[in-house]
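The two complexes that follow have chain A in common; it is paired with chain B in the first and with chain C in the second.
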Partner chain A sequence: MSIGMVYALLGAALSTILAGIGSAFGVRAAGQAAAGVTAENPEMFAKVLVLQLLPGTQGIYGLLVTFIALSRIGVLGGNAVTDTNTGLLYLIACLPVAVVGLISAIYQGKTAIASINLVAKKPDQFGKAMLFPAMVETYAILALLVSILAVTNIG
Partner chain B sequence: MNNLDYIYAVSRIRVKEQSLLTDSDISAMIPMKTEDEVLDYLQSKGWGTDAENSASAVLAAEERRTLEAMEDLGLDEETMNILSYPKLFHNLKTGIQEVTTAESPGRAYYDLPGFGKAEVRNILERNAFDELPEALRTVAPSALEIMLKTRDGQMCDTIVDKACLEAMSAAAKHSKNRLLQQYLELTVALTDIRIAVRASRMGKSEDYLKRALADTALLDVNGLILSASEAVGKLEEAKDADQENPLYRYLERAGFSAAVEALKVSPAAFERWCDNELIDLIRPMRTVNESVGPVLAYYLARENEIKTVRIILTAKANDFPDEVIEERVRKMYV
Partner chain C sequence: MAIVEMQKLSICADKKRRKALLETLQSLGVMQIENDSIDDPQLQKMDTESAISTFGKNADTLDQAISLLTSYAPSTKSGGLFQEKMLVSREQFENTVESQKNYMRFANQILQDQKEMDEARGTIEKDRNRILALQPWMKMDVPLNTPGTQTTEMLVGTVPGETDAAGLYAAASKGMEDPAPVDVTVLDCDAGLTYLAVLCLRRDAEQVGNNLRDIGFARPQQMESGLPSATAEALEQDIRAKEKRIEELKKDISGFAREAEEFRIASDYYRTRAEKYRLLGTIPQSENMFFLEGWVPKSQAGPVKNMLELKFDALVEMEKTEPDDFEPTLLKNNSFSESAEGVLESYGLPQHHRVDPTFVMSLFYVFFFGMMLSDAGYGIVMSIACAVLLLKKKRLEKGLRKMLKLFFWCGLSTTFWGFMYGGFFGDAIDVIAKTFFGYTGGTILKPLWFAPLDNPMQLLVWCLLFGLIHLFTGLGMKGYEMLKDHDPVGFLGDVVSWYLFVGGLVLLLVPSDIFASIAGQKITFPAWAHQLSVMITLIGVAMIILMSGRDHKNWAVRIALGAYDVYGVTGWLSDLLSYSRLLALGLATGVIANVVNMMASMVGGGPVGIIPFILVFLLGHTMNIAINALGAYVHTNRLQYVEFFGKFYDAGGRAFQPFRAINKYIQIKEEKES
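Let's turn to the complex of A and B:
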């Protein structure tokens, strides 16, 4: 296996690993808050569950970029990477979704906690409460687009 | 527990806060004609139990409920112990007076788990001081000895009260919880001011003040003692003529000008100001999501509302006019 292939695989792996860690952290924290609200008021379950799931999307974005990368570097399809430069390009292309996914999921988790607590106090404000963590999602989506564009345009 | 471990508890608190009494609830209770009417209102808000509906039973049930909630929410034992210092020391004072004199001290015990009336009496009668909660072990023998030798209940109370303030001050120094630190420091400072004001009104000596006041990070206690001694007999004059008074001057210099304003209104307004200061301290916790602060704030808010309801119920039982109650009711947390 060439060193380029190692770099490319590292990029593909980091997409899932870092974005997944961020999502796990975000969903875990929001889940604790959701459980707290449900413990006191079980009728709130559906509303807080939606908010808990929001930080989980970064992990999915990371997985998506990993699949696209793997399908182009000879693992799930495409041609194997033979030179170092191309491998590095794949690694760098995967970094936006990996790094932004990690950080945005953690912060989205914190915002989701605040929104869950808002819904706990004012259940009728669910629509507005959804918007706050959704705003953090914007930056994960931008990073996803950049990674997809970069990965699909290499070579 | 780190801050993240409190996310669950804080979210539960956010739901629980919905059932806290608001300033509007307090305003609605003040004009009610009788104690029963207030109790009915409280019952509609979920207060009390189905078993008994007397004022004391409702208040005791709410105090128990608050302690159970704190236990359930995982507030650490050390913090719970520190928060219960005033009640522990109160029970010790009551116990000492009860076992050393034939007559009842005229005040009730707090219903504390493991340190209620029976346990306190039992420990003191056997002089088994090592069975006392740790914070009481040093002061209990000396307070008991003074009471036995002098039969001076007031001196005994002063010694125990000062020990309580010192225990709170020491806990503030060692606590890693910023809100708890601030709460304890402010409580000690406000209690020192309360004692100084009362001593000044009653013409107490400088020696008494030295025995009663505890050191605090927020005040220069020696300055407070000196100014309170100088102000003996001058507080009422200062109120009427708005003239300079050594104690007021000291408090203004120490950053407690609002206390002086309240003192000029009435002693009740000053007491209310003291409690409202503590509520203002904890209010920012309403928007904090990841720390023990909101749990602590909820406990203090519950204590505050129980205290306010006790004031209203007592006033209604004794037919006090609404204006008197309005002057005494505290600001609510939510």
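Let's turn to the complex of A and C:
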């Protein structure tokens, strides 16, 4: 196995690892707030659950890039990476979704907490409350897009 | 596709008819009553606070009784999240109202039972603790607080540490002649404490007491009179009795199960009455007359007027709408677009003289949602689930029905895009064919258009194009409103100019190398077309610079403002790029679905592989559908709220809330009048 393969695999792994860590953090933080609201008012469960899930998507974006990368570097399909340069390219291509996923999920979790508080006080403002965390997610989506385009266009 | 026109009515009627008139209006539920504008110091308002609170309290009592009933007699439960309203005949309703006192008594009985049950549970808990505290003393065959006999004294208590009788004897009889007349009985050793009873002569009592204190002797906090074993037995009996009582009470509560329906009816009845009295408190009245003012949909105004005049001899006038009247907004759309009204509502309703964007929005909503979820299998599941719910439960709450309808349409659109992209539960068909049927050929389910993962850049261009159409439509709505308001200058300066500017820029971009490298194909325009696009762009820029600051007389300020507005093109860029989420989320669904299929098929083919395949398949796709439908919902909303509405829409309307019966549980079946 070439060192390039190691780099490529490292990139693929990092996008799930980092984005997953971010999502775990965001969902945990929002989940605590959601549980508190549900304790006060069980009828809010469905609404706060939706808000809790919002920071969870980064982990999925990470998984997505990992899967596309794996299917191109010879783990799940495609040709094995033989040279170091290509491996490094894959590593770098995975970084946007990994790093932005990590950080945006954490911040989205915090925004989700604020929105959960909003919904707890004004349940009819759910539509707007959902929008605030979705704004943060925009940047994760942009990073995902760049990673996908980069990974699919290498080699 | 419209906002319902409203008519202001003012009503004046005989006070004796007040009750009947209000009840009729309430059951019709077509009029939003606002009496704030009737401001005459001669008119009085009734104080109805106490009635409102009594009825409110009654409704609460019944609600509590209902929720207790559902927890003790699950058969009375109804629906959960998709709770349907109960269909009640007029007759049943009247009967319930007639014997409302009975139902209140029943409900109070249930609450009483619950209270007694809680108390009994508390007592049981206390008894258990007392029994636990008695455990170490069980060997005592006299009561703990026995003082002794004429000549002996008994000391009962604990010492720290686990010591045996001999050691304790030595400690207790310290400094006394041997053999000391002291008897030590160790009753129990537990958790670092030794429980003991000491018997000594009365004359030695002080000395023995001091000796014992030296080794940490302490009397128990509570001295129970009576034998410990007998006390424990009595407590056990008490617990048994209380448990039996709890069972009886539970049975008593469940015994009301067949009244559950009536409880619901009565609860709604009280709620409705509370609402009536709330309104009554706002009605200005003179000695013999009372006055009402409010909004009615224009189409209903005539019939309502006639009905009130005929039935109640009321004086009803159609008022002209004053400029500072703030009419409530009620939307009316065709049955497809109506389903997206909830989406609009949660952003904010339009004001009266503005346009209702529901119709246009609903088209884009369904289109974009489908693009994001984009899996035929998921779309079919979604549509069928919504259709089944809609058909089975006809009396769901209105907002919920609209929501389900919206997702039904979104499911159809998802199915369409799924076939376009070639996704049916991801690549499930191919995976199943390969794993279980040994198929080795090419792709079975070919995309009708193209698979996004094969050519993401091209799809990105398409997404941005759809985005541009969406944004231009939004701008068009703004133009439409401006033309409707007779503002052609604004139309040219704020709408046409941007069409030209952005449109020209796009035309300039299409033949460029950047575009060619993204789209994968080079488009060349003839020279005149290029010149034309440069012209269009420049005209657009010039119009913006000259016209967008047109409120200012000073030309220098005007041009400076215009130039600043040209900078707004960056906003267009970021709005447009935002549509890349159509691609990203579409890919996400498809790829994760493929991952699920791959994991499911890992065990391999044959009968052994089928069970794990089905399990993983069901679990994985359920999760994927849930999380991606959520994502598609959130981000479709975002595209509407931020990008689309940002171009023209600024809510600010208030919802039409007619005076009506507030029914949480029931819907009254109206018999056709013969």
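As a working rule, the second predicted complex is superposed on the first by the 155 of 155 C-alpha atoms of A that agree within 3 Å, B and C clash if a C-alpha of one lies under 4 Å from a C-alpha of the other, contacts with A are read in each partner's own complex, and residues count from 1 in each chain.
Simple rule for what comes next: a contact is a pair of C-beta atoms (placed from the backbone, for glycine too) under 8 Å apart; a residue touches a chain by one contact, two chains touch by 3 or more.
Because the structure is a prediction, the values reported are computed rather than measured.
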{"item": "Superposed partners chain B and chain C on chain A - clash or fit", "value": "fit"}
{"item": "First, second, both or neither for A:I103, with chain B first and chain C second", "value": "neither"}
{"item": "Which of chain B and chain C A:N41 touches, first, second, both or neither", "value": "first"}
{"item": "First, second, both or neither for A:M130, with chain B first and chain C second", "value": "second"}
{"item": "Contacts of A:A24 with chain B and chain C, given as first, second, both or neither", "value": "neither"}
{"item": "Contacts of A:L54 with chain B and chain C, given as first, second, both or neither", "value": "second"}
{"item": "Partner chain in contact with A:I113 - chain B first, chain C second, else both or neither", "value": "first"}
{"item": "Which of chain B and chain C A:I154 touches, first, second, both or neither", "value": "neither"}
{"item": "Minimum distance between Cα atoms of chain B and chain C in the superposition (Å)", "value": "7"}
{"item": "Residue ranges of chain A touching chain B (in the complex, touch as defined)", "value": "29, 32-37, 39-41, 44, 110, 113-114, 116-117, 120-121"}
{"item": "Residues of chain A defined as touching chain C within the complex", "value": "46, 50, 53-54, 56-57, 60-61, 63-64, 67-68, 76, 125-128, 130-131, 134-135, 137-138, 141-142, 144-145, 148-149, 152-153"}
{"item": "Residues of chain B that touch chain A when the two form their complex", "value": "4, 7-18, 289-290"}
{"item": "Residues on chain C engaged by chain A in the complex (per definition of touch)", "value": "81, 343, 345-347, 453, 456-457, 460, 577-578, 580-581, 583-585, 587-588, 591-592, 594-595, 598, 627, 630-631, 634-635, 637-638, 641-642"}
